[in-house]
Amino acid sequence: MAWTREDMAARAALELKDGFYVNLGIGIPTLVANHIPAGISVTLQSENGMLGMGPFPYPGEADADLINAGKQTITELPSSSYFSSADSFAMIRGGHIALSILGGMQVAQNGDLANWMVPGKMVKGMGGAMDLVAGVGRVVVVMDHVEKSGAPKLLTRCTLPLTGVGVVDLLITDLGVFEIGPDEGVTLIELAPDVTVEEVKAKTEAAFALAVK
Amino acid sequence: MAWTREDMAARAALELKDGFYVNLGIGIPTLVANHIPAGISVTLQSENGMLGMGPFPYPGEADADLINAGKQTITELPSSSYFSSADSFAMIRGGHIALSILGGMQVAQNGDLANWMVPGKMVKGMGGAMDLVAGVGRVVVVMDHVEKSGAPKLLTRCTLPLTGVGVVDLLITDLGVFEIGPDEGVTLIELAPDVTVEEVKAKTEAAFALAVK
Amino acid sequence: MLRKIRDGAAEALSGLLFDGMTVMSGGFGLCGTPETLIAAIKAAGVRELTVISNNCGIDGASLGLLLEGGQIRKMISSYVGENKLFEQLYLSGTLELEFNPQGTLAERIRAGGAGIPAFFTRTGVGTLVAEGKELRDFDGQTYVMERALTADLAIVKAWKGDAEGNLIYRKTARNFNPMMATAGKVTVAEVEELVEVGALDKDGIHTPGIFVDRIIQGGPYEKRIERVTTRPRPEREAA
Amino acid sequence: MLRKIRDGAAEALSGLLFDGMTVMSGGFGLCGTPETLIAAIKAAGVRELTVISNNCGIDGASLGLLLEGGQIRKMISSYVGENKLFEQLYLSGTLELEFNPQGTLAERIRAGGAGIPAFFTRTGVGTLVAEGKELRDFDGQTYVMERALTADLAIVKAWKGDAEGNLIYRKTARNFNPMMATAGKVTVAEVEELVEVGALDKDGIHTPGIFVDRIIQGGPYEKRIERVTTRPRPEREAA
């Protein structure tokens, strides 16, 4: 049985370590905040200029001056601080964020990521994604294993325009978890319940090694 | 009769215009603050991280956290703001300071300035001088016209290591005032009382044109 | 003393606008955008603008207003979703678009104000963003050279400001405003509250007055929210 | 939650010091220098240090203490006057010295913390500072390329700080501290006052806690002044 979105978010949350500063992308990565393991404290960075992002506000308490990078209203914590976009991306580019969890359209077996542009469709822009994958120490991508059409998304080479080259360290899909290393390539390290290696192979273009725990 | 240090500072103060943001160097330039013409309001920048520098404190009121770039204790004004050294020099390098008034050891007829280093002597360092002459819109140098030895300081070429190339716009010495332009070279535009053009010529190595008002 | 305070947005922009000019506009989405000054630019009808702003507002609000008037020729942004009119204009070829990664955009503007003509960054190496740009290795890593951005006019929105032009921003409404204030040949600020000189915390001023040429009391502020997102109150509280 | 607060300077530096390391130290002259941590580095006796700091203290105070112990091999600074021992060590060839223009030094450190490996500046073009460095024209102006600076350890001094490592500096004691806090592989901060998390103005935090690995209550602070300069009180007040 493949993982749900919440399952994938929960699995991604296991990558968090106590004291981490983390940036969560839009979509499934945002759900990771709901699955932070007990006893672990992480600080969420929002690239529009905030450290220490709190939960969504209660109804009627939204503040137009307090939004996340997805433009959703959020709240602050006692530990929060605000800064400019230049300072925020200096923080990101300078390698101060330990972990970024992002969505993806395609991942290649060398760690290339494509998640911002589909040629021929209206392009909304890369926002901060290129900065995050280039600057953050460890990049975890969470995405469905295949397209709606059934076409694989873990590929030999990305066919979509890239967000970054060789940047993905870990890929979590609804079928399993894959480590990606610059020399090692892709290694399947976990399978969702009842998912078989054969199924993953059938739905994957990239070559991968097996080290399922 | 050659100008005194206070006379030179007063003459330099005539370069100030209402609303100017100004950086004053150590020595005679610091005295310029005492000669700001009536009706003119200028804001003094201190490159260690302050805009809106006030006068020296009264005895007993010095604050160790409030000093100027010469490490003297100063005071703040209602309009003051503080910032980091990086932000301060971003301000300077970015051309936001209208005028810098600095001391000099040598000035060349193409506007080169030497004011930080005498080979063979212990070198204290350039501090912020190179940034100021490179970044500030208009650079005014105030210095004695000759060395104690009588050797000229307004030269064909500087013999001391440079602080900046072609950076001096106006030179004020105890003998007079000189405009320096990239194409025009040096023009003597004012003489101190009872100082003659012949005296200036005798004490100057650089070629200069005459346009004494 | 030269007065920086102007009586309203039209007066604040008087003499500064011309066709074909480049305008930087602060804000992230609708958060921290100089609404009052944008409306005045719309009213002034100046055209063929190159606008540098992280986003282009939404239909009917913020920079979306300048799109409606056909006043924008080119956008330099990192993200332009949430705007149907933008899409139409872009697909019809009426509107030119240059995408920058958000951090590169922020740093290019910071560089523009800081006298740094170019810098190197890892962001975008190996992507479309780096095409045609100089690549260079430092310590075994490849970087792309990016150039500084400046503008004929920067318009910014702050929370509080004084007659000297000192500004303080509020929460995430700060975003691109501080850098843009440094990178305009002329910078005009609008604030929610004009305060007495001396009322702002001198250690907490985000934009020192040197960067601000003119300042107005802005508003009345609509402060629209793009995505009001809330969570339910815990039941015991709701009960 | 990982605790950042340490019980004193020695504990805060425990495991971080080694011979031959590079240390950044905040401060301008004696203003805003991490006195407590410097004293602990002296006590630890670590040697062959490369120290990046705008100045090198004065005889018997601040970084001057590390000179006395012969712990510094090389200084990267913009100005080192006011220090006789420095002069002796330098002239005897015991101490290496690299001068940077103050703004270039500040920007190199900022770049080091911001993931910018190199940038261009006009400062120093045509002078000794640019010798051996790459020159390049942009828009008809010549610039010199400068490289980023980082350090094995950055020590900074703030006014107030909290357990998250959020810092606020006071007046001109801010100077190089904020950039250095971003450019150390490890950053240790000392503060005059440790406050409760939440007590600092969130819009006014100068150094977000992400940059600070360890923090101590410093002092007792001597806060020596290099040049107490005063003006006479107006007579009617004095009378």
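All chains are identified by letter, namely A, B, C and D, in their written order; residue positions are counted from 1 within each chain.
Please note the rule applied: a contact is a pair of C-beta atoms (placed from the backbone, for glycine too) under 8 Å apart; a residue touches a chain by one contact, two chains touch by 3 or more.
Remember, predicted model here, so these are calculated numbers, not experimental data.
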Most distant chain from chain C by Cα centroid: B
Pair sharing more residue contacts (C-beta pairs) when B-D is set against A-D: B-D
Centroid distance [mean C-alpha coordinates] between chain D and chain C, Å: 33
Chain B and chain D, separation of their C-alpha mean positions in angstrom: 28
Chain A and chain B, separation of their C-alpha mean positions in angstrom: 54
Computed distance of Cα centres, chain D from chain A, in Å: 36
Set of chain B residues in contact with two or more other chains: 76, 82-83, 90, 92-93, 135
Touching two or more other chains - residues of chain D: 107, 110, 114-116, 121-122, 169-171, 174, 202-203, 206
Contact graph of the chains (line, ring, star, complete, other): other
Listing of all chain pairs that touch each other, if any do: A-C, A-D, B-C, B-D, C-D
Residues on chain B engaged by chain C in the complex (per definition of touch): 18-19, 21, 41, 43, 45, 51-52, 76, 78-83, 90-97, 135
Complex contacts: residues of chain B adjacent to chain D: 46-50, 55-68, 70-74, 76, 82-86, 88-90, 92-93, 112, 117, 122-131, 134-135, 161-165
Footprint of chain A on chain D - complex, ascending: 1-2, 110, 112-116, 162, 164, 166, 182, 197-198, 200, 202-203, 205, 208-211
Chain D-facing residues of chain C, complex: 107, 111, 114-122, 136, 138-139, 141, 143, 147, 168-171, 174, 201-204, 206
Chain B-touching residues of chain D, taken from the complex the two chains share: 28-32, 54, 77-82, 87, 90-91, 99, 101-107, 109-110, 121-129, 159, 169-179, 206, 223-233
